[in-house]
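Two complexes come next, and they have one chain in common, chain A, joined by chain B in the first and chain C in the second.
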Partner chain A sequence: MNKEYEVVIIGGGPAGLTAGLYTSRDRLNSLLIERGLAGGQIVNAQWVENYPGFPEGISGFELGQLIHQQATKYGLETVTAEATGIELQQEQKVVKTTESNFIAKAVIIASGSERHKLGIPGEEEFTGKGVSYCATCDAAFFRQQPVAIVGGGDAAITEALHLAKFASRVIVIHRRHQLRASRILQEKALAEPKIEFLWDTVVEEIVGKDSVKRLKLHQVVTGEKPTLEIAGIFISIGLKPNTNYLKGILPLDATGHISTNEKMETEIAGIFAAGDIRYHSARQAIAAAGDGATAAIYAEKFITGQS
Partner chain B sequence: MNKEYEVVIIGGGPAGLTAGLYTSRDRLNSLLIERGLAGGQIVNAQWVENYPGFPEGISGFELGQLIHQQATKYGLETVTAEATGIELQQEQKVVKTTESNFIAKAVIIASGSERHKLGIPGEEEFTGKGVSYCATCDAAFFRQQPVAIVGGGDAAITEALHLAKFASRVIVIHRRHQLRASRILQEKALAEPKIEFLWDTVVEEIVGKDSVKRLKLHQVVTGEKPTLEIAGIFISIGLKPNTNYLKGILPLDATGHISTNEKMETEIAGIFAAGDIRYHSARQAIAAAGDGATAAIYAEKFITGQS
Partner chain C sequence: MNKPIAIDDSNFDQIVLQAKTPVVVDFWATWCAPCRMVAPIIDELAEEYSGRISFAKVDVDQNSKIATRYSIMSIPTLLIFKKGEPISHTVGYKPKEELKRSLDAALE
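Let's turn to the complex of A and B:
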């Protein structure tokens, strides 16, 4: 038989964990579905300086653990499984997973999004040790040091401009001979003396010891294989919200994100979305956690008929 | 001469402090204007159990201090003053205050809202010691104890229903002989055996020692003056966003709140709003902090022409 809950939460990052902390503390029978480690993407962040409340910073792993511990304390159940779909049966929502199906009065979708990876040697090994997917999070760790950024779209060039405030040099590595970024961003980047460009170039390997030391590159037109000494590499080649299992159930935008209103309500009554899965999300742990609290509060109002 | 900043933030609660932490860490020259103590309303919370990252809880005062310390560490300036208006001068915003005027490229409004107070003896003294303005925050502290709630609107009855999950008795004290709350909420409250009503009654004094012990009441029809033994009193008689100084500058809704989109943008380019001042805010520190981060990120994009 399918187990019943008042609230089922999909995703165990800061958004889902905070939603679970709130619904459990509000005495709603709550289940959190997470396919990996509780904490979500934040567990990959070696040091988080911008989560408010920790002036000295905190490791992403520890922050994830603390929030999970806090939610569990109030009764949140967690199951390790991957969500595969949601089925609407009158007032009930059936959340299908790789393990079992769960019935809920309200569902909070917080399954986040994933940054595309280069898939090259050294990338995984040095993630959080010089390899980063978020300049807002990590630029400040590279003061007066040379860094590379891989990508050519708006996001990559925005991150390059941000990095230029901290780093000694910012080398943009792009596999094509021109940027996809908007002209205004291109002009700004070209006008910034700290920013240099390596065109028609791909990164083949990230090399280091305790942290990143250099990149092995491949100039695809000339065939040259130079190396580049840097302290950090930022990878900005797109991201993908984890919403495949929601196709045909919830309206998704062209990039696969979910739109909500300020109550975190989606277009289906009783289904809420929180965190990086949302359109225009700030992609920050604190913003995701805030979304989770808001979704939980309006999910409770929905369940008790007060919304 | 008016001092110039890239970002001026109005309000030093979790929303404003987090916005300041982000803009300062992103190397934007930032000023925070706060009329009282850094931390905002949260400093009145004796113990906060639902701010994610602190499984054992934390005092509201300490949480406010920690976030302020963290923002200051990255260079946020703070001035003690009250904002009195914003003037638009071409691309610049002039924030007028009781101390001085400040010029900004972007303004983040995070001046919060205030719960209406009863204005009776004992109310201020026992705030955080049995007197609360937020059932979501504090209901869990009153397990198996009798509590009172003052008010008769939707918010008060929603809070009464929430309190009934924890408290042994919930006494709704209302100065009129019928509720203003919606019929569905009234029906739910009348059907809940733990909830009782005292009609035509006002609270004249809150009495206690280390914490609240009893209420001195006044039945306005009969003239009787009974007392009521309770462990906690929740006051839910409305709230007022601190937006008086924005009248005629920004569109406010009927309740004085500001509407934003998911980027925290208001209807005026370069003016953002975050936290309890927003329409449908969850009224939680974590949600306000999340708003602050989002506003800061989009303020930076606005200033650098990337939005």
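Let's turn to the complex of A and C:
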């Protein structure tokens, strides 16, 4: 027997949890499906200084926990499972998961994003042996050793600053000539003597034996191909949306994002999308939370026939 | 309730290497968010595989010797030991289904 809900939310990051907060306060029978621990990508952020309401900043993990705590206070049900597809049966939507199927009147897709990989030789081979996607987790393994971080956004620069507390040198490798990170983070990184920058540079290969030893680089402007001796490489080159399970169900753009209108409606009536997964999302926890609230409000109108 | 047991540098060899059943060792630290995502899954698996596989946790912050011995450079890392040898190595958060496949393989 498939369990029925008014709203099924896929994903337990800031977008999904905020949507659940709103739908459960609207007394809609709501289920949130999350494959890991609720909180989303923000739980990996060492420190968050741009989420309003926390003037001193807050750890990403704690922020995720607090949003979860608030969202589940009003009757939101949660299940640990991975969504594998959505099937339309007349007015109903059947959300398929690794645990069981759930029937919904409205679905809010908020399954977020995960980290991009470089896709270069050595990356997979040395994952866990010097290649890392989580500076917060692994910085302490590189005390007094040189490390590289690939990327130029907020996440990469925040991680470089964290790595500088442990490593002997932190080399930021960025494929462009300037950072995408917010100015305040750039200023902090430029003021940190342990942090160096390699501009217009891409990593072509990660070389090592039992663990990472060096990087083969390519300076895209001069064409030079230097090598860099390091003990660890952290990869922070942005996020890709978790939409594989939606292929053939909803139209996705070339990068896998979902288009919505300003009500967070997708091309299918009763299916909404919120957060990082949306085309042109600002990819900020606060923007995701805002999307979640909007999606929930219009999902409620859809269910009660007001839209 | 079968819960993973916290082990340290001093009793690792006895509890893990000399165990009769396969042992899953979860290398973690308090500062690591994905480790906290893995923890509830490990708790569930400890229950489901009770009697067949034992589960242990090593806080790498407190027990650097064991972490160094097995060249742990990334957490969470899950090692499955069988007859004293690590036979499987998983880095980062993985869904429960995927972990179950590694556990089932260790039982064969």
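Assorted remarks:
Everything below uses one rule, namely that the second predicted complex is superposed on the first by the 186 of 307 C-alpha atoms of A that agree within 3 Å, B and C clash if a C-alpha of one lies under 4 Å from a C-alpha of the other, contacts with A are read in each partner's own complex, and residues count from 1 in each chain.
Everything that follows uses one rule, which is that contacts are C-beta pairs under 8 Å (C-beta built on N, C-alpha and C of every residue); 3 or more make two chains touch, one makes a residue touch a chain.
Just so it is clear, the model here is predicted, and its values are computed rather than measured.
By the touch criterion defined above, A:21 reaches chain B but does not reach chain C.
In the superposition on chain A, A:54 contacts chain B only, with no contact to chain C.
When the two complexes are overlaid on their common chain A, residue A:206 makes contact with neither chain B nor chain C. Once the two complexes are laid over each other on the shared chain, residue contacts for A:150 go to neither chain B nor chain C. Contact with chain C, but none with chain B, is seen for A:132 once the two complexes are overlaid on the shared chain.
Shared-chain residue A:140: touches chain B and chain C both.
Of the two partners chain B and chain C, it is B that touches the larger number of chain A residues. In the superposition on chain A, the residues of chain A touched by chain B in one structure and by chain C in the other are 136, 140.
Against chain A, in their complex, chain C makes its touches with residues 29, 31-37, 40-41, 60-61, 67, 71-77, 89, 91-93, 95-97. Those residues of chain B whose C-beta lies close enough to touch chain A in the complex are 14, 17-18, 21-22, 25-27, 49-55, 58, 63, 66-67, 69-71, 73, 136, 140, 154, 158, 161-162, 165-166, 184-185, 188, 260-263, 278-282, 284, 286-294, 297-298, 300-301, 304-306. Interface residues of chain A facing chain C in the complex, by the touch rule stated above, are 35-37, 39, 43-44, 60-61, 64, 80, 82, 98, 127-134, 136-138, 140-142, 210-211, 232.
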